[in-house]
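Going in written order, the chains are labelled A, B, C, D, E and F, and every chain counts its residues from 1.
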Amino acid sequence: MTVYLTRRLTFNAAHKLWVSEWSEERNLATFGKCANKNWHGHNYQLFVTVKGQPDPLTGFVMDAKELKDIVEKEITNVLDHSNLNLDVPFLPKGMQPTTENLAIVIWQQLLPFIKGCQLHCIKLTETENIFAEYYGE
Amino acid sequence: MTVYLTRRLTFNAAHKLWVSEWSEERNLATFGKCANKNWHGHNYQLFVTVKGQPDPLTGFVMDAKELKDIVEKEITNVLDHSNLNLDVPFLPKGMQPTTENLAIVIWQQLLPFIKGCQLHCIKLTETENIFAEYYGE
Amino acid sequence: MTVYLTRRLTFNAAHKLWVSEWSEERNLATFGKCANKNWHGHNYQLFVTVKGQPDPLTGFVMDAKELKDIVEKEITNVLDHSNLNLDVPFLPKGMQPTTENLAIVIWQQLLPFIKGCQLHCIKLTETENIFAEYYGE
Amino acid sequence: MTVYLTRRLTFNAAHKLWVSEWSEERNLATFGKCANKNWHGHNYQLFVTVKGQPDPLTGFVMDAKELKDIVEKEITNVLDHSNLNLDVPFLPKGMQPTTENLAIVIWQQLLPFIKGCQLHCIKLTETENIFAEYYGE
Amino acid sequence: MTVYLTRRLTFNAAHKLWVSEWSEERNLATFGKCANKNWHGHNYQLFVTVKGQPDPLTGFVMDAKELKDIVEKEITNVLDHSNLNLDVPFLPKGMQPTTENLAIVIWQQLLPFIKGCQLHCIKLTETENIFAEYYGE
Amino acid sequence: MTVYLTRRLTFNAAHKLWVSEWSEERNLATFGKCANKNWHGHNYQLFVTVKGQPDPLTGFVMDAKELKDIVEKEITNVLDHSNLNLDVPFLPKGMQPTTENLAIVIWQQLLPFIKGCQLHCIKLTETENIFAEYYGE
């Protein structure tokens, strides 16, 4: 009996999309206003899903409070009120902070800390109209 | 051509998390304020997903009104304004009413009543930050 | 230049509606399933609105973080995971914990702690379909 | 590394459910008020999900702006403020405009225009309580 | 002590905007795609607000269940799955079914049925981006 | 018969809170992580409310499409994907881009363009937990 448990957390951050090897023209042609030089930002919603069997006594796949504490410590406390291009140690240099790439990096960063059940999905919403999901493969 | 059809229903209920074999201390250490003795409660949202082929004439995988009637009769009329620890006949004695366990029990209770298509998923949201999903295995 | 600033906080609690001077019959006739003896509960959303002039330097009517801290300390830490009929010191004995009465009592409890601007409105949502607002008079 | 990228778009349309080979009585018995002769309507939300590997330079599975432009041109500009029974060229004659069938038809209509990654899912919400998902098989 | 109590209800309906004294050209120039001849539709959300003093025993400004029953009987059962231009007896002939006019007409239709407290506001949302409010004057 | 009509628009922007006359220490003590030097950002929701009498023929207080066009041209096209501290011509130099101040400045910027009815309220939500409202006085 595998149950999927999801915890939502939020963070607010600045970013821009910019390939440093490209000219300003090519950046603006590719990324539009997402390449504006003085940054813009979003209220991100992060949904972390783990899967496993509920414990026969507690009924928990994982203690949702503990899951929240881990995600806050490892991910959202680092990302909240940050500049995703400049301030995030675990974002590889030069990697675009798109929703897609952020989902992958958050997965990789979080994976070692999920114990006793399995990390299943990282879903990240950038606006009410755009989100990305990554399942680890 | 398999389409997945989902119907949302809501119910409001009280519960607490408590292992009767444990001391009050261990319960509070494990469950925090979820173990408060006088109960607390939630506005639950239940998403029932069935899958199948749309009927060539009606275009229905299942009549959504009929699905709603079945879920109300078998599940939400029983759970709404109830105490999940004390009042629910189909919740096994001593089973913690966590979101995870509730999703499993709702699946088992609903399964015999879904005819002409297949039950696919029970998703239950406890707050805007926590939800569980169960796919029957 | 008067600006209205609103902070949302949430709490989850159990309650029931019951007039102790009345028979069970009359209670059930009046309150329906809201009078079920073993309680039910809700995810409440509390919107606290203050009004005033933004400070010329900080741009704050009130520091939203400070407003959050006050409301948490005085209100939501007390109400969260509580039984509103049994556990809340500032709810007068015998007062029904309806959304309407809760809004009034939260106003009265919070008023002495709002300094440097004015408390304007307490809005409390009980479900996605019901909410109450109180403006202090 | 496969990431799933989703774009939400909206459209507002009228429809009714009606099998022309059936009597009015049988239509009303089957579809209830959804068969009312003068139509009714909905605010639809369409979620289009594509999957693929993020581009190493841009970080895009697909440019979300380009995805939006394609879905608007091929789907929502056609469906918005339309009558789904009468006005939609790509809806087969006599096919019921249920959420299920609309999801299938939107998939088929959109598929040829998704290049460089794969169409993964069409999710269509009809109301806050009903939605359908189609994965192309 | 005046408290404002609000109940949300929903209905789904078709309409179009069209002045019969005008040419098709002028209608399309004025109303754009809202004038499309085969109708379109919306999921409306109706928020009915009443105000009054909570009853000392029940804590109710008005029984929210009773308020719901009245609004369903007098308003949403009539409007749900209807064509707002053709099917609504209480909408004056030739009156455009805009959100603004609907709010006024719903107020007038509901007013005689609110007893023991005062009708305060009719709020009607047409889409997630547009709503109208009417306070009776 | 005065009806209030509201249009929602969104924009995504970066900002920080920082008083240039103050030391870094005092800024961090006052604004916390909102003063982080490399900016952060938000998905803002802007609700513009106008009031007036519905036109007897069109049923419009104001054409909601026209209202949208004006707000886009004068406000959200300027603010979207901008840095609120650096890029906004109509934001007075040194004024903190708090939600409160932004609401005032948007009011002042928009007022001359609202014709045939009255601007009533600017509501700006910064996160799901914080919003400000300004009524012009």
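To be clear about the criterion, a residue touches a chain if its C-beta (ideal position, glycine included) is under 8 Å from a C-beta of that chain, and two chains touch if they have at least 3 such contacts.
The model shown is predicted, which means the values in this text are computed figures rather than measured ones.
S.K.: Any chance you could name the chains that touch subunit B and subunit E both?
M.R.: Both subunit B and subunit E are touched by C, D, going by the contact rule given at the top.
S.K.: Among all other chains, pick the one whose mean CA position is farthest from the mean CA position of subunit B.
M.R.: F
S.K.: With centres defined as the mean C-alpha position, give me the subunit E-subunit F separation in Å.
M.R.: Each chain's C-alpha centroid was found; their separation is 28 Å.
S.K.: Quick one: report the Å distance separating subunit A from subunit C, using the average Cα coordinate of each chain.
M.R.: Distance between chain centres, rounded to whole Å: 34 Å.
S.K.: Going through subunit D residue by residue, note those that touch at least 2 other chains and give them in order.
M.R.: Within subunit D, the residues that touch at least two other chains are 128.
S.K.: Going by the touch rule stated at the top, which chains touch which?
M.R.: Going through each pair of chains, those in contact are A-B, A-D, A-F, B-C, B-D, C-E, C-F, D-E, E-F.
S.K.: In the complex, go through subunit E and note every residue touching subunit F.
M.R.: Result: residues 17, 19, 21, 30-32, 95-101, 103-104, 128-135, 137 of subunit E touch subunit F.
S.K.: Which residues of subunit B touch subunit C in their complex?
M.R.: 10, 12-15, 33-34, 36, 38-43, 80-83, 86-87, 127-128
S.K.: Over in the complex, which subunit F residues touch subunit E? Could you list them?
M.R.: Interface residues on the subunit F side: 1-9, 54, 57-61, 63-65, 68.
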